[in-house]
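Right after this note come the structures.
Each of the next two complexes has subunit A plus one other chain: subunit B in the first, subunit C in the second.
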Partner chain A sequence: MITRQFGSEVRWMLRRPRTLIGLFGLILVPIIISFGIWTAGDDGGGGPGLAAIIEGNGMVVPIFTLFLSLNLLLPLVASIWAADGLAGEAQHGTLRGLLVAPVSRVRLLFVKLFGLTAMSLLAVTLMAVVGIIAGTAFLGSDGMATLSGTTLSTGEGLLRIGLFILLVTFQMVSIGAVALAVSSATEHPLVVQAATMVTIIVFQVLGQFSSLDWLHPFLITTGFPGLIDVMRDPIPLGQIGDSTLLAGCYLLIGTGLAAIRLVTKDS
Partner chain B sequence: MNKRKVTLAAAAAGVITGATGLSLLAMPAGAGQPPSLPDVSAETLVEQVLTSKPSAFGGTVEVDNKLGLPSIAEIPQLADGKHSARIWTDGNGKLRLALPNGQSEQTIVDDGTTTWSWNSADNEVTKSEHKADEPKPDTGKAETMDPATAAKQVVGLTKEFSDISVDGTARVANRAAYELVLTPKASEKTLIREVRIAVDSELKMPLRVAVLTNGTSEPVGLVGFSEINVGPQDSKLFEFTPPANAKVTTPEAKEEKGRDRMPEMGIEQALQGKDPQIFGTGWDTVVGARIPAEAMTQVPAEAQGMVDRFTKKVSGAWGSGKIFNTKVATVLIADDGRVVAGAVPEQVLFDTIGQVK
Partner chain C sequence: MTTSTSAPVTAPSKHAVAARTKGLRKEYGSTVAVDRVDLELPEGAVLGMLGPNGSGKTTTIRMLLGLVRPTQGEIELLGRRLPDGAEQVLPHVGALVEGPGFHPFLSGRENLVRCAAFEPLLPKKQIKQAVEDAIERVGLAQAAHRRYRGYSLGMKQRLGLAAALLVPRKLVVLDEPTNGLDPAGTREIRKIIADLHAAGSTVLVSSHLLSEVEATCTHVAVLHRGTVVAQGELTELLQAGGSALQVITPDVEKALSALRQAKISARPLGDGLRVELAGTSAPQVIETLVHGGAQVYEATRWKTGLEELFARLTEAEEAERGMSAVDTLDGGRR
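Let's look at the complex of A and B:
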């Protein structure tokens, strides 16, 4: 029963033209990055983090792309889906029908959360797959060189990419869950997107001030840079674990607030 | 109606759990209850530390640095703040060291015959083979990052000049340890008040070193394991193959290229040179040297600017020069090229510099 609802939710999301346009825009990112580095050639080397080792190391492109996109692009996409999920339906008047239907409202929330998760996973995986193809095509690849100077075999590299896909998707879903809580409280999808993006940007700005370092452990954006540890060898699990736990707390808070709002909402 | 209340309670519990989780994550990990260990005399413990065999281990080292050193781009780990490093050793001289620096990483691997030094920021590997006539490989940097080796050296060098005591126990990286305290004797003219070394109760290996100076209650420098697993390590960790696209250079070539970029090398080389002059013993040892006049004039203008920024001008009966103060050490550079340095107040340096030949 619930699996059917899950299926129809994802189908419904995939049928919207803006979802398809959004996904198409996302897969352009790794292509543009690979092309840019390929045309920059040898003088493009150097720089912090992954940018320094990406030359001739195409398998790093998916990780580099997702790592960059996590700061702004992926939260934006998650907020669009969360906005459509509840506020969008409220605006069209279709949420009313769902709320009076003999379906538990908590179940409705889980269906929305599932749709968000499935779409996030799809978007991140698409970006990664296109990244692998474009990176290998433009930059070539011979296994995957890590930040630690070791070279992983292609199989191990793919496992790292898989792990990174899961970690990034989880961060995205956590942001989406908080956006769903906002979405349950308004009828205007734009409010949801604006609130989510403003929060992410403000968090990143606050993260720059060392005088506010007591606040940093509470900000979900603090956990983003630590995910780069996937590219170290052997993988240090400390920061990755902390980032994931931090996102998990946001997921709980977001889901809980959305549930409270939905259950108390007049139909 | 009743079901609705249950749902609300569950959702509220979720929110509260999330919020509690956030504050738990933000809290620094507690030190935990100090373990209870059988008493041990300070002398025995020192003896055991000095004779303990290096064992194979892998772990994470945290460095908390409040020394007041300027940040030098080449060695970001020296700048004030918290840094971490990962270290693996097989106990027989093979070593792997991973120094994360923001999103980049430096890796140093010593496989027994060759030392590889990789820096992801330049995509460059420096390869230096150990020479046959030089049995002790140059792992100076690696050793300073390894609290076990560094602490052992400190104990060996200073035990005669210190009052040594065992001050309770501590839990470091989830291992029970004794707190060994080295206090410089009253006759030592040093900036350092005490050095606390947490010694593993089982392996007698130092796990943490804290340096406290006069006038502060918090350690100015703290190096210790935050995580350690003792036992044989994966032998693959001690091998290194440069990535296909990396530049591979030798230290000689790199030095040639970077000489004009690193002015501090001049002072460093002078102090570590063929015959540094040592004055005094114990904690107030002063190292002296003379920088050749041509090296003094070769310093490029921008490096001169950096030196000026971190030093202050001083003069006295001994002449005039520049003094560089940190919380644990002082360096005095006279205008005529004499250099003295030590973990001592500046007055000791003024008294000593006249003896530099």
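Let's look at the complex of A and C:
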């Protein structure tokens, strides 16, 4: 029964015109990045960090794309899915139908969380795959250069990309879980998206002030830059672990709040 | 059975009940949506829930389906207490609450498939067939492939009904099912309700259309200002309200004095008089009239329509404020 509900949820999300348009928009990002670096190639390009090693190194494109998108684009997408999941269903009156079917409220939350996870994974994977293809096509590829100056074999590079996909998806799902908590408390999907985006932006601004150092370990956005450690050789696990742990806390808190709200909700 | 006394009228049934509420109360902030709702829905009945807009019909239904938690009171649905038993009984309940709710970007059929995926009683293999059957049943076959976005109000209503009928149900709850339907659609809904009744399902229909309820229901519950002011079998309620005899006679004065002597209350009306049958019977009245020398051309049992009953229940106390049951309740709340 639950697999059938999971299936229905994902099918429903994929049937949404805005999901398809959104996914299409997302896969444009690595293409544009590859194209941009390719055209700028002659100027020497470069700069610190990833941008320095990306030239002539198509395998870095998916990592670079996801790393950039995690700051704004992916949280936005997660918030849209979370918003449609509960607030949107409430707005259309379809939430009542599900509850009367009946789907228990806790299970409904898990169905929504599953949909969010599956779609996030799909979106991130799509971006990565298109990134590999576009990056290789525009910039060529000969293994994967790391930030530590070594070069990994293609197979090992793919493994790194796979790991990064999982890490980014987890961050996205955690943000989405908090958005689901907001979503369970309103009938207006836009409120959910606005609240999520404002939070992400405010967190990033707060992250800039060194006087607020004590606050930084609690901001999910603080964990984003550390994820780039997958591009070092060998991978230092400290920052990646911290970021993932922090995201896990957001996931638990978001899910918990959503469950409490959903169980007591009148619909 | 009188209907404007201090206690709500109840005609308890001897049969098993499909749903029962006790002392149901729901507050939204400081407003009381419903209060002291004691509803009884006998198994196999078609209960019409009547009430003006805002009388608490939908709130009561939402509580009955476990969508809304009552502030106070108990709910029993198909033999189980809610909300604990919701998962056991709700699969047997089909509902159309507060208008149909569907996804605009999906077709009618796809919407039903999504509903069906969440129906615990529907095996996966039967989903397709069940959806087609439901579409057929509500007469939506022509439009099933079109997007819900473009549906007319009547088509939306039919789709909502189809979703409620995806699985054979023990209880079907329809909140304003004929909203937005043309007369043909209304007749079809009546037929569907009649079919459900014939198949042994219990049906709860809420409506503010009296003719609707009169035509389809075996039982009635009248809600007013958030409480039940009358409920029971339709025929009983109507008789209770209509124990009067209309007598056509040219000798109104003679008739009145004869009746007054026999201590039967009557008043002039039209070409004759209206005689209350409380404490007496029709043959007795006629005998009295004939003995009193009044010529009786015609005597008919006064039939109260549901409309009259409804008007009396929901408007009477507006005139005599502070006197009726509901007003006293209102007073107690504040």
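The rule we apply is simple: the second predicted complex is superposed on the first by the 265 of 267 C-alpha atoms of A that agree within 3 Å, B and C clash if a C-alpha of one lies under 4 Å from a C-alpha of the other, contacts with A are read in each partner's own complex, and residues count from 1 in each chain.
To be clear about the criterion, contacts are C-beta pairs under 8 Å (C-beta built on N, C-alpha and C of every residue); 3 or more make two chains touch, one makes a residue touch a chain.
All of these numbers come straight from a predicted model, not from anything done at the bench.
Asks: After lining both complexes up on subunit A, report clash or fit for subunit B versus subunit C.
Replies: Taken together on subunit A, subunit C would fit alongside subunit B, as the superposition shows.
Asks: Please name the chain, subunit B or subunit C, that touches the greater number of residues in subunit A.
Replies: Per-residue touch count on subunit A favours B.
Asks: Taking the superposition as given, does A:Leu99 touch the first partner, subunit B, the second, subunit C, both, or neither?
Replies: A:Leu99: touches subunit C, not subunit B.
Asks: Touch test for A:Asn57: subunit B only (first), subunit C only (second), both, or neither?
Replies: A:Asn57: touches subunit B, not subunit C.
Asks: Pick one for A:Thr264: touches subunit B only (first), subunit C only (second), both, or neither.
Replies: both
Asks: Kindly classify A:Ser8 by the partners it touches after superposition: subunit B alone (first), subunit C alone (second), both, or neither?
Replies: After superposing on A, A:Ser8 lies in contact with subunit C but is clear of subunit B.
Asks: Could you look at A:Arg16 and tell me whether it touches subunit B, subunit C, both or neither (first, second, both, neither)?
Replies: second
Asks: In the superposed arrangement, does A:Thr151 touch subunit B (first), subunit C (second), both or neither?
Replies: A:Thr151: touches subunit B, not subunit C.
Asks: Please indicate which partner A:Pro217 is in contact with in the superposed arrangement: first for subunit B, second for subunit C, both, or neither.
Replies: first
Asks: Between subunit B and subunit C, what is the shortest CA distance in the superposition, whole Å?
Replies: 5
Asks: Taking the two structures together, which residues of subunit A meet both subunit B and subunit C?
Replies: Residues common to the subunit A contacts of subunit C and of subunit B are 264, listed in rising order.
Asks: What part of subunit B is in contact with subunit A in the complex they form?
Replies: Residue list for subunit B touching subunit A: 4, 7-8, 10-19, 21-23, 25-26, 60, 86, 98, 100, 102-105, 107, 116, 118, 120-123, 125, 227, 237, 240-246.
Asks: Per the contact definition, I'd like the list of subunit A residues that touch subunit B in the complex.
Replies: For subunit A paired with subunit B, touching residues are 45-50, 52-53, 55-57, 105-106, 142, 145, 147-151, 214, 217-218, 225, 228, 232, 234, 236, 238, 242, 245-246, 248-253, 255-257, 259-260, 263-264.
Asks: In the complex, go through subunit A and note every residue touching subunit C.
Replies: Subunit A reaches subunit C through residues 1, 4-5, 7-8, 11-12, 15-17, 92-104, 264, 266-267.
Asks: So in the complex, the part of subunit C that touches subunit A is made up of which residues?
Replies: Residues of subunit C touching subunit A: 62, 65-69, 86-87, 90-91, 93, 95, 97-106, 110, 113-115, 117-120, 124, 163.
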